[in-house]
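Below are two complexes that have chain A in common, paired first with chain B and then with chain C.
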Partner chain A sequence: MSVIRVPEADAGGWSCDRCGEELKPTPVNLEYMDSRFTVELPFCAKCGIALISEELAMGKMLEVEKLLEDK
Partner chain B sequence: MDQAGLRKLEAQCVQEEPPSCTAECPLHVDARTFCTLMNEGNWSKAWGILTRTLPLPGVLSRLCHGPCMDACLRSKKGGAINLPALERFCAVQVTKPVRSIPMPAKGKRVCVLGGGLAGLSAASDLVRKGIKVVLHSSKPGLELAEADSSPLPSGILESELERLAKLGVDFQPAINVSRAECESLLEEFDAVVIDRTEQDIAPLNLDEPDAVTLGTSLPGLFIAGVEGEPIFQAASGRKAALSSERFMQGASMVAGRDREGSYESLLHTNLDGVAPVDPVAVPEDGYDVEQAKAEAGRCIHCECLECVKHCEYLEQFGSYPKVYARQIYNNQTIVMGTRMANSLINSCTLCGLCETLCPGDFSMEDLCLHARRDLVEQGHMPQSAHEFALRDMNFANGPDCSLARSAPGTKASTHLFFPGCQLTASRPDAVRSVYDHLRHNIPGMGIMLRCCGAPAEWSGQVSEYDRAISELRSQWESLGQPEIVCACPTCQGMIRSALPGASVSSLWQVLQDTGLPESAKNVGMELTVHDPCTARHEPELRQQARTMLESVGAQLNEVEMSGELTECCGFGGLLAEANPKLGSDVAKRRADALSGEVVTYCAMCRDMLSKGGARISHVLDILFPDAAVGDMAARPVPGYSRRRENRAHLREELLRDLWQEPGAPPKPYDELAVSFSDAALSVMEERRILESDVRKTLLHSRDTGQRLVHKETGRLRATYRPVAVTYWVEFEEKDGEYFVHNAWCHRMRVAGGAA
Partner chain C sequence: MEYERESVCPVCLKRIPARHEQQGDDVYLVKECPEHGEFRAVIWRSQPSLDLWRRDKIPSYPAQPATGRGDGCPFDCGLCPDHRQHTCTAVIEITERCNLHCPVCFAVAGEKEARPDRSVEEVREILAGVMRVSGKCNIQFSGGEPSVHPELCEMIRVAKEMGFPFVQLNTNGRRAALEPDFAVRLAEAGLDSAFFQFDGTRDDIYESLRGQRLLSEKQTALKRFIDAGIGVVLVPTVVPGVNADNVGDILRLAAENVPGVRGVHFQPVSYFGRYPAQPEDASRITLPEVMTALEIQTNGMVHAEDFLPPGCEHFQCSFHANYLVMEDGLLKRLSANRSGCGCKSEPQVASKGADKAKGFVSRQWAAAPEPVALQDKPVDDLDRFLARASTHILAVSGMAFQDAWTMDLDRVKGCCIHIAGPGGKLVPFCAYNLSSMQGETLYRPTPGVKKGIAAHGQPAS
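Let's look at the complex of A and B:
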């Protein structure tokens, strides 16, 4: 499946505190209601935490969640 | 809902019925739209309305005597709309000839004998449908064609006849036909129409034609033409044309023809707010522009919309129940694709007002509640719609908040105080005061803290509701089946239907009977009453609340929409959860309709309408004010987190004070030192993020060490997904003390790196 890129997925100066790692744009799987997408998100390669910004969560992500809920 | 159910429901809504003028008009001119366009001065479009329906518009618009006026509802408010005068004015304005585009030729031919208005109308209808017509007449138009005695201005009839000729009517001289000749015409043509005002039918030796079809014992022969007003002659020609068509198609001659002529419309129009306006008198040579506009402007635009006028929800979705029923039916039967009506289904407050107002008792409440149950059953209910409310219900019914006890020192209860989870959330101190007061007068008064199950019922979660109710039932039984005293109209209704064997009464009645608090006598306030929608069908309850308020000296005012016509606060049916924006619009609209100091007897109404901008008190704010607050009508509404804490704290307080039992030990996340910025608290409220969700996230981050840091500001971010929602918290931390700046959430799950 193709990787979705969104402008809201910028690391914007955030890094992983525990691992001391930079967050690198990485394809990450997101799931909701039997649907799966691969989105490029800032990601710590060591512990696997992916940053989901407020803009992304309350914007595009919320829209897609609502769409999927009505399917 | 199946097809038949949909049809039945649709029939209950009369909004799509024609106005009575259109129903009365033998040709069913859309007079309502005509008046709108005339009022706008749009003569050519208005003329279009007439030409669409009238077979010979130039003639009939000038000659119709206006039988519609007998049915016009405006006649009760000044006088019927003068449609004939308006049509004449319109006909004069439009000088361009009528353009009729016939349908493609059908290869059928009809012979019309006689050229009165009936014959000409039949011919006009038939040629417009692509059917060839041969019309025999000595003088098409008959007396209308007499130059010196015609009621028509010269040239009008001629141009209509010209138009018909262009459309393909073949005008031929009159012929006299015997029965045998008539039979041979029936062989040559596909049907024959006789206009008896010109053609003598005596030689044919036939019975009177059938009233419904104008048919005779000769199949395919139809006899039109009546003595009387031109519009009735034209209608008779139209009937003969329709019968010929059906005959040629081999269709049923009688089915579905009950509304062909004048009939009675089922449309309901409320004239209560309509001010009388006198008709505009018609000068000898007709209206001028301003007079025509003014007369057309008197049209009431009859329609129902009784329900829509009083419901923000019905209005905002832009249509009316008949249309909504179809949308909800389609939503339910869809196999693949988007369910467009989910939001429609989940936004009704289930308040029941529409059914009370509707002349056909259409109930959006029933429709939406059943649709919700269907969605839940099929697994298609959007998760986000009611999850937060159901979590809240489960919290109120869980170990942290629920309590069911007989009074301290007693073994069984004669009575049981049931304050309801929202009153407990909004004013725990009042619940405590009421309970102390009640126990003083009724020693056997136990208490039950929990939710009545309304959120499960409203969200269509049948099995969750059954679970909540069976727990409630067994607690009530273990207390000795006491009489239940409710402080909330919703709880009272829910419990009544769930425990049919229980005796249930309102707190207001019990206080009235056993004694009101001394402190509350002589309040001397003037108050406007807001009835909760769950008291719509409870006249006794509404009266009990009023009697009690009056007996403490309050002077009560009523608004127009009160009692059984009351409007919902926006909380009903979980609207405020499923569609928060509409929920607050509903609250604001109701708050605006309530003037001055308002009082109500539902804790949720109080809080919703207070957020909507009303100065509003709960009855208990008046009987048991909180000395620390002062202005009770402006008392702030506690947010979601505070509501939960209020419930839990009240339980702890009662256990400690009345039963000398220690409360539960605090949860580990409660022991974190956390404070919040105002901005954080307000977005959390809007996003339905609880302080406990934030605390759990911070605790998780502390325990795992997992968090993000910002290289310039040094701020931290933590994330955690307890069950179905992932929370994010942005914060600062100093020596184990947390300061929260922001929080957000999403339902989508991060399933790890894709690589």
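Let's look at the complex of A and C:
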């Protein structure tokens, strides 16, 4: 089993639902409101789909979103 | 001629019909008093056009209006049942005395004519009234110069003990500069933020506006506030021909002093007090001109299109944008700009805007938290961004006051910055400071009226 470096995305053993390919940790560009971030995520090379775990989405990504969204 | 607005007559302060007159991208407020004739004053120049800047709200009326409907706006404050926005910041004036004696001052501060200072008990009662009608809003102690009050620290303690989350001091910084331990004592009392009168980075600016060369004193005060752990907001009063050419340098200085400096809040000059003749339009600078000047004078470090209309106060009253100050000193804009949005937003419920603004101000204008340590965990861009953003965001904003020539009662009704008096009484800032050409006021007591400009700061949301 591959070592996943993103603590929020415990993706060990995840495979792509569409093609069955094992997800590999890959640098992925996330864009939100004119800001771009590079984050290593479990990624299906065949389908180009990344897995964003609930913990990551509701954790760090939500924090970033709150900072970028204005009053 | 169709009058779609309401204002007041600068001579008699009666409510009179008014309208916007468009000349190119410039907008004038034109009004007609049956007794004193027509008045015209510029309120908006150039880009972005006022039409594009528009941001409407669904009114949020007071849950507990302290006054009823009598003579109508702006004579029933307040808040009366027709007021459309909740309190974001309650301003409490604790003294009329001042230690600076500026040639001009909207608060007509001057020791000779000053009424007695407010006592701690009086302030406690005012705070209780604010808590009753407006809940845990932000509090600003103001004056006069509130730092001359011998019991200021006790008042800060009382406000914090009562549960107000954010307490700010509107100050010229003189006492912090002259007394090495003063800022520390303020911090120990619980002060979150200094709303620090800072008109520029050159001494000639202070000579013009304050009658003295104050730059060195301002720099000392700035350092003392930062060292004491008090969040600093630099507050320049922007006056054409005095410091309108200095706004870029003020912003640079602010960025250089992040994370100690948490915000810059530009206040275009407005004209309170006795004015035998109407101030010329050339002596006014409007919000879009300040936004454009910031872009030009910083060589594009910020852009006029970065700035957004407010979600709390009336859209004509302010602009704001937030930046991350990067390691190389450059500013990275947070949030999408107006052109990047490409859509017209639906009207928001006003109280939601007020809640957001309260939370933003209490977080951003207070001192930055301790830096986040990154070495213990895997680091990606989100971690790095969050670590930097926790300490190095700079809020850049501007707020336009209304005077007897520019007052629009629609803006007054949407105001979220309220001067608090006894018994839960709250008066919108510009209504409180409104004065006729002869210096007569509706709400502010007038102890020996002097000609004055908005030389003190006002909080923002």
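We adopt the following convention: the second predicted complex is superposed on the first by the 62 of 71 C-alpha atoms of A that agree within 3 Å, B and C clash if a C-alpha of one lies under 4 Å from a C-alpha of the other, contacts with A are read in each partner's own complex, and residues count from 1 in each chain.
By our rule, a residue touches a chain if its C-beta (ideal position, glycine included) is under 8 Å from a C-beta of that chain, and two chains touch if they have at least 3 such contacts.
Quick caveat: nothing in here was measured; it's all calculated off a predicted structure.
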Broader residue contact with chain A after superposition on the shared chain, chain B or chain C: B
Which superposed partner A:Lys60 touches (first chain B, second chain C, both, neither): second
Touching partner for A:Asp34 - first (chain B), second (chain C), both, neither: second
Which superposed partner A:Glu69 touches (first chain B, second chain C, both, neither): both
Overlap of chain C and chain B interfaces on chain A (superposed complexes): 30, 33, 38, 61, 64, 67, 69-71
For the chain B and chain A complex, residues of the former touching the latter: 337-340, 342, 382-385, 687, 704-713, 716-717, 719, 726, 728, 730, 742, 744-755
Of all residues in chain A, those that touch chain C in their complex: 5-7, 30, 33-35, 37-40, 60-61, 63-64, 67-71
Touch list for chain A against partner chain B, complex: 3, 13-18, 23, 26-33, 36, 38, 43, 45, 47-52, 54, 57-58, 61-62, 64-67, 69-71
For the chain C and chain A complex, residues of the former touching the latter: 308, 310-312, 320, 322, 332-337, 340, 353, 356-357, 359-360, 377-378, 380-383, 385-386, 389, 393, 461
